[in-house]
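Consider the two complexes below, in which subunit A is the common component and subunit B and subunit C are the respective partners.
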Partner chain A sequence: MPNFDQQPPAGGGAPTPQGRGGAPGGAPPAGGRGAAPAGGAAPQGRGAAPPAPPSALALKYPWPAKPVLLGTRVKRIDGPDKVTGRAKYTHDINRPGMLYGRIIRSPLPHARIVSIDLSAALKAPGVKAAYNVKEPGAQVMYQGDTVAAVAADTEERTKDAARLVKVEYEALPHFANEEQAMDPDAPVVFMGGNTRPGTAQDVGDIEAGFKQSAHIIEATYYTHVITHVCLESHSIVAEWEGDKLTAWCSTQGVFPSQQGLAMGLGIPAANVRVITQYMGGGFGSKLQAGAEAVIGAKLSQMAKLPVKLTLDRKEEHLDTGNRPSAGAKVKAGVTADGTLTSYQADSWGTGGAGQGVGNLPIPYIYTFPNRKRTHKDVYINSGTQRPMRAPGHPQACFLTEVLMDELADRVKMDPVEFRIKNAPVQVPSAMYRTYLPEGAKLFGWDKRHATGDPTPGPIKTGFGVSVHTWGGGGSGTQAHCDIMADGTVVMKCGTQDIGTGTRTIVALVTAETLGLPITAVRAEIGDTNYPRSGGSGGSTTAPSAMPAIRLTAAKALEALFVKVAPTLGVSADTLVATNGRIHVKDDPTKGVTWKDACKTLGADTISVDHMWEAGLSSVNSSGAQFTEVAVDIETGIVKVKRILAIQDCGLVVDRLTCESQIYGGVISSMNFALYEDRILDRVTGQMVNPNMEMYLLAGMSDIPKIDIILKDMPERGVVGVGEPPTVSLSAAIANAVRNATGAAIRSLPLHPHKILAAIEQQKAGGTL
Partner chain B sequence: METEENLRSTRIVFGVHCLKIRHKGMYVSYEPDPDPAVYNELFDSGSYWCAQTQTSFGPDGQPVRPDICQGGRTCCAL
Partner chain C sequence: MASKDEKPDKPERFSVSRRDFLKSAGVTGIAAGVVGGAAELDAQTGAAARVLGPGDVPVQLTVNGRRIDLRIEPRVTLLDAMRQRADLTGNKRVCDRGTCGACTMIVDGRSVYSCSTLAIEVQGKQVRTVEGLVSANGTMHPVQQAFCDQDAMMCGFCTPGFVMATVALLEKNRNPTEAQVRKGLDGNICRCGTFVRVLEAAMKSRGVARA
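Our next item is the complex of A and B:
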């Protein structure tokens, strides 16, 4: 057992940093931008561009050194609305005369549409609109591809009418998996070919590195396709008033949806208002309006009545995105003392029909000085991918971290010690050399046995670890603050709450800045009538919105100080706002209550617009996750016993919602490892489990105790945490299963039959 | 020898790529890194869609990707 108390010095002891900054296909930024005080220091790590320097206003209004609310555990302000049903999700919106829309979808994975007959559907009771989404002659490229749409006055009549739509197809060749598409004898199904070469990389001297290696592993690793499984399915309620559309959308971006609807319908964006007050899960799949929203709006336009179009669970699995597969045939070397040498990989992956896996950042995080890579995007006839929580990272993490444990075994090093030895240079956004030993101590890593649990009996236990990184960052978001004469404070921002607590932290930062309780602030978000903000994705929401909220509130407060100062006989710049009062900074007795201060506005309202400025947020974060599992080697069932997640996220805005994000991310990663799997029939190309019965997800009893260690770094400003914690647990679980069983675990998901097969393979001689 | 070849420019270039191509990085509030490699690492998930169809297929029924959403394609808007 290594002594983790003896850590390498920060920034020292590391092997040579990888090539140039951010090589495509290489490891993610180690340190990268903003790896020091927010907006301050020079970039570190992979040569990324330096962050913009802090603005004058950000320097004037930095995050408070002694906050009242920031970093505390503030309950969601909309929690009561959610648990009582007052919160209105898109599906809860009902408009007078509203119709229900439904999409007719292809049952075949690839076909040419010969004919579409809507006549019977149009004559059906209650039907008000129907149209061809695709015309005869067009091709459908996957099961679930859109063909036609219908709207009627009840859900039942709409379903009946949809069944009356007659579509004749001419079946065409299709691919249900990557092997079929990569077959050199396969027909060309996709424009440009069934595969496409991706980024190639050749850094250092790959062969010289292998010659230096005492051990070389050659193996193939693979992660599967999963779907987003949003509990609230994709939906829209569309209502027209003349040529203006109001759309209640389940979306991660009201402004992206506004543009998507406008371009999809061919109308001015200014004619589209999108509202999303509450949203029940998107995970990247709701960053675009989606065909379903355009179809719902078009049905409404045709019928001249409001239309609600809500996808069912099967449609969600088939046509609202997925996480691409990723495989890699890897050859990797290590010296006798445990220093990584060369990494060679031929990778591939599919994001469905015409979409690949995109950038796959392997080798993940660790420093191989010599690297050679080829990549191939593979197209199959399935629903197309959409961004899904840290795109590319969960796959790359698994492909690399499982290899790391195997290499550690070859040199007989502890996996934590091996990782520390090969971790990138330590910077505030890449703290692996700190988090790994700290986590090991907290987790009781010294109780880990060598690979293969030697204890008798069918239940074997094992420990696993993995690390991760992500970018995030912010810019651009605008906000508007009203302070009214009765003391009311309203903060408006066109961001949206996708279930993460954004509404709460908008109110929290406003209240903190104005010296008020959070209940004194009304946060209004989720509407394109509010100041512009980006979509909630890429862990950018908090780092984009919170600086905007902080500075807008500060500017509004400045304006209020100007009104109040004469009544106190002082200069405005001597005033501060704390604890519901405005008073002289050096004389708290000389002041007035917030309400009395606002009375000085008379008939006026302070109304201030401002936006994000550099200096209050940063990009990049790092974390480590540990887990212990129990594996029944007779049934192949894996039970996760406990999890430890260490995560940094700069300034913690609300500790409670921050931890909630980490819980969610960790559980998501556990689902990726053990349960979720989109299964396509290899002959018919149809999904065999488009539901929530055979498409498995963890239940409450499957989820173990999860300990979270939040690493506060307030000097970095706000850093997003939506994606990082969802990356690495799946790899840690695989490593723990290997530690328990002694069997090589090189592909996901870890379903029982695969565990048993791996154990049998190991008994037969293994692949190590 | 140290070479790196980007065989697939995933950064959308005005005047080269169709103006209707979309990806995640276009819709989140983040300052694009001037280094395309860093930018791509953060936001190139390989997921592209058409703003007009709101799917990963263009108006002509063919896939949406930077390598094929360029001039010469009938539905391409430059």
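Our next item is the complex of A and C:
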């Protein structure tokens, strides 16, 4: 149930205008919350908003200058549960008497439902509930759109019953791609038109800029649609007790899911508890309760029994979101000395049936003083888009960074030098002036040959580079800390661990603040019974949750100091907690162990609530990625040989899990460039590869050597790193393929047939 | 059986993959091929071919050294039997058609895609799931420990499959080369992108993994 508009949100009350998601009170996050301002406005402005000043409490409890745990390599505390199979994901929840639910979906990309006959299904063995999700007369807008639902006592019988649901459709005209929808002779399939204009932009004097230009490139660039392919499919286990629902959801946001379920079921949010202890990947597609969550809960309500509804792989591809396409017909100019002049683009993209593409921040990062843009959202009959790791940025990065290499070639400048020359001077983009030369040196960039590998033989190698930025930032998250008389510490926070290590860093920051080992802290997350937090998306989780955890733990410790101080005959403000002891700041011998300190609580428990405050987290991060590829010009197969990723990480909380996220982002970007592709049959509008053998993803043998350089900037506080490292590698790979082959590479994915076609075109005289 | 090995140690003459089974469904006598040990039929001679199901039939499995008696339909996969009837939910269902490896179990020493293996066909065989790797005193298998040490996981949904694939590989070849490890783990897919550290963990486990 994506619910985001063309324009990035204003940030839901976040203290800066960048649209950072993770809004206070867990408001549903939305798409396009990168650093770039709305609707493709000048990217130069990003990061210009002054950060909120640090709060008094943040000044009192800054991040420690000499941390014990922060920034070190702390093993995931739930690692043993994950590797042994003890960790219970939504898919793994089995409840007494539980039924299995299944959704009947449209096989057609656009149709009117004439009739739905549930009678045979209702009589089938084991069936306990069935209902029409849509009523006859309603339209289905894409293959996989929901029609009806059924629940039975075993999964096998549920599938049998689903096959017995008879649905009659009246097929209606459909579009399988943007060209069909943009055809002026096409029928009107979507109310209000098949396309919708996006924000236009006109800055400076575009024609004057072109007049100054020594070279002008006119070309079309395009990135394709991919799906999230969460390994744990979207799923729910719903169980009612009277009018109260407990829902185990595979979600990136327990609170947004609570709201979504309450709204979908027409019940008070207070009657819904959502639990997500473990979830198997979301990447932006699980920020809200989807249709399947509401359907599973309804089936359970009807049957008066718990229901598990897990989507199968095909449903997951068809109806749980995708990364929208982005195309742009571009005209761009550069002066003889390599200064960018004008950028004109007519862009388009599709987010599926009635969904826009969201934010598309082109031109990405670099300073073109004169810019003119139009944008068109194109509606086709496919499942609708949802945010996917750095929404808008991988597309905008590719559209711009490939052009940058082409422009650099025109003025015979090295791509690194050309990028530095045209990077904005403001932070964070100013960082590229540092990252690019540093990366070039480490990578051995001086060994890069000019465009077109002169080596004889079919294997050509090439180097590529690209840079990226992202907003992220923190706000709003609340937390609760209990310190008990036996020394137990529990930190509760209604955030969730989507695989990034949130549970671990909640415990880590608590332990750091209390001077305890991480094993002494219990981190309880992933439950709407805990204090509110937003969805985990847009790299906002750590910057939202960590300040809340730090301040909540600090306030709890203050309360403990007050109890302990009289027993030591000192005032509370002289005390500190280090190494499992509470003692006078400059006299470690004058103190007590943690356990003895807690004994002073007697029958009491210290119970403290607090929340995020400004001063311990930052917005914006940036990075650069380099790659070397080998291209077999006889087969068109591209092999990535090595990658270097430089990433600004602000204050690193857990170095181990931080690095894992960067590896993951890089590999995800490689998948985008080389392998994955959602293919819709241009005639039937049906997905050709809704599985995992024809929808390609990298395997172990495809993974190159990846080096990571973390740029620690503890003075900036915590920033998120989920999105940034996933943005730029795909463009760097395309640039490396161009460097290897000399052929213009202007669209993704880089499948062999496209590489061969580009090489043929180059031989035939090129496109430049 | 849907073996992940390229070259099985020996031909599995009584085994039929789910896909082969579906392809030949409807052919008289096919049931004899999938019965395996339970009905003690001789598929070679074709004698006394008996159709099992539809409807529940008794299926007796040996899982992690324990006997599990189930009444399930013959079409139930080994993975679903474990996850839905035995509450052994460690191995995950992801692609459900033998591509991604999240369901990897070890049957008689060979790694199999349990999503594409019928429960009824592994009767009489030793089935190991990820839960079976932890020793009786609660100590993790060295491969599991290495995965924790190297942070060879993120969301963790592919992890049990990778752990099982690594164990199966190292039980066959205690000291594989990096190329052999890569090849051995090519039947598994991770979406979070943990490959770098899975490779490190597998390499670190070489030689130390117990058989």
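Here is the rule we go by: the second predicted complex is superposed on the first by the 715 of 768 C-alpha atoms of A that agree within 3 Å, B and C clash if a C-alpha of one lies under 4 Å from a C-alpha of the other, contacts with A are read in each partner's own complex, and residues count from 1 in each chain.
By definition in this document, a residue touches a chain if its C-beta (ideal position, glycine included) is under 8 Å from a C-beta of that chain, and two chains touch if they have at least 3 such contacts.
Everything numeric in this text was worked out from a predicted model, so none of it was measured.
Of the two partner chains, subunit C is the only one touched by A:I498; subunit B is not.
Of the two partner chains placed by superposition, only subunit B is touched by A:A138; subunit C is not. Ranked by how many residues of subunit A each touches, subunit B and subunit C are led by B. Within the superposed three-chain model, A:F368 lies out of touch with both subunit B and subunit C [touch as defined at top].
Of the two partner chains, neither subunit B nor subunit C is touched by A:W240. In the superposed model, A:T84 lies in contact with subunit C only, and not with subunit B. Once the two complexes are laid over each other on the shared chain, residue contacts for A:G471 go to subunit B alone; subunit C is not touched.
Of the two partner chains, subunit C is the only one that A:G281 touches; subunit B does not reach it. Subunit B makes touch with subunit A in their complex at residues 1-8, 10, 20, 22, 24-25, 27-31, 33-35, 37-38, 40-49, 51-57, 61-65, 67-68.
Those residues of subunit C that touch subunit A in the shared complex are 73, 75-76, 80, 83-84, 87-97, 99-100, 102, 129-131, 133-134, 140, 144, 147-149, 151, 153-160, 163, 181-183, 185-199. Remark: subunit A residues 19-24, 28-29, 32-33, 46-49, 52, 134, 138-139, 141, 146, 190-192, 196-205, 253, 255-256, 259-260, 263-264, 284, 287-291, 293-294, 321, 324, 351-359, 361, 377, 379, 384-388, 391-392, 471-477, 533-538, 540-541, 544-545, 612, 619 touch subunit B in the complex. The touching residues of subunit A, when paired with subunit C in their complex, are 75-76, 78-80, 82-89, 91-92, 94, 154-156, 229-233, 278-281, 283, 310, 312-313, 498-501, 656-657, 659-661, 663-668, 691-693, 697-701, 703, 706.
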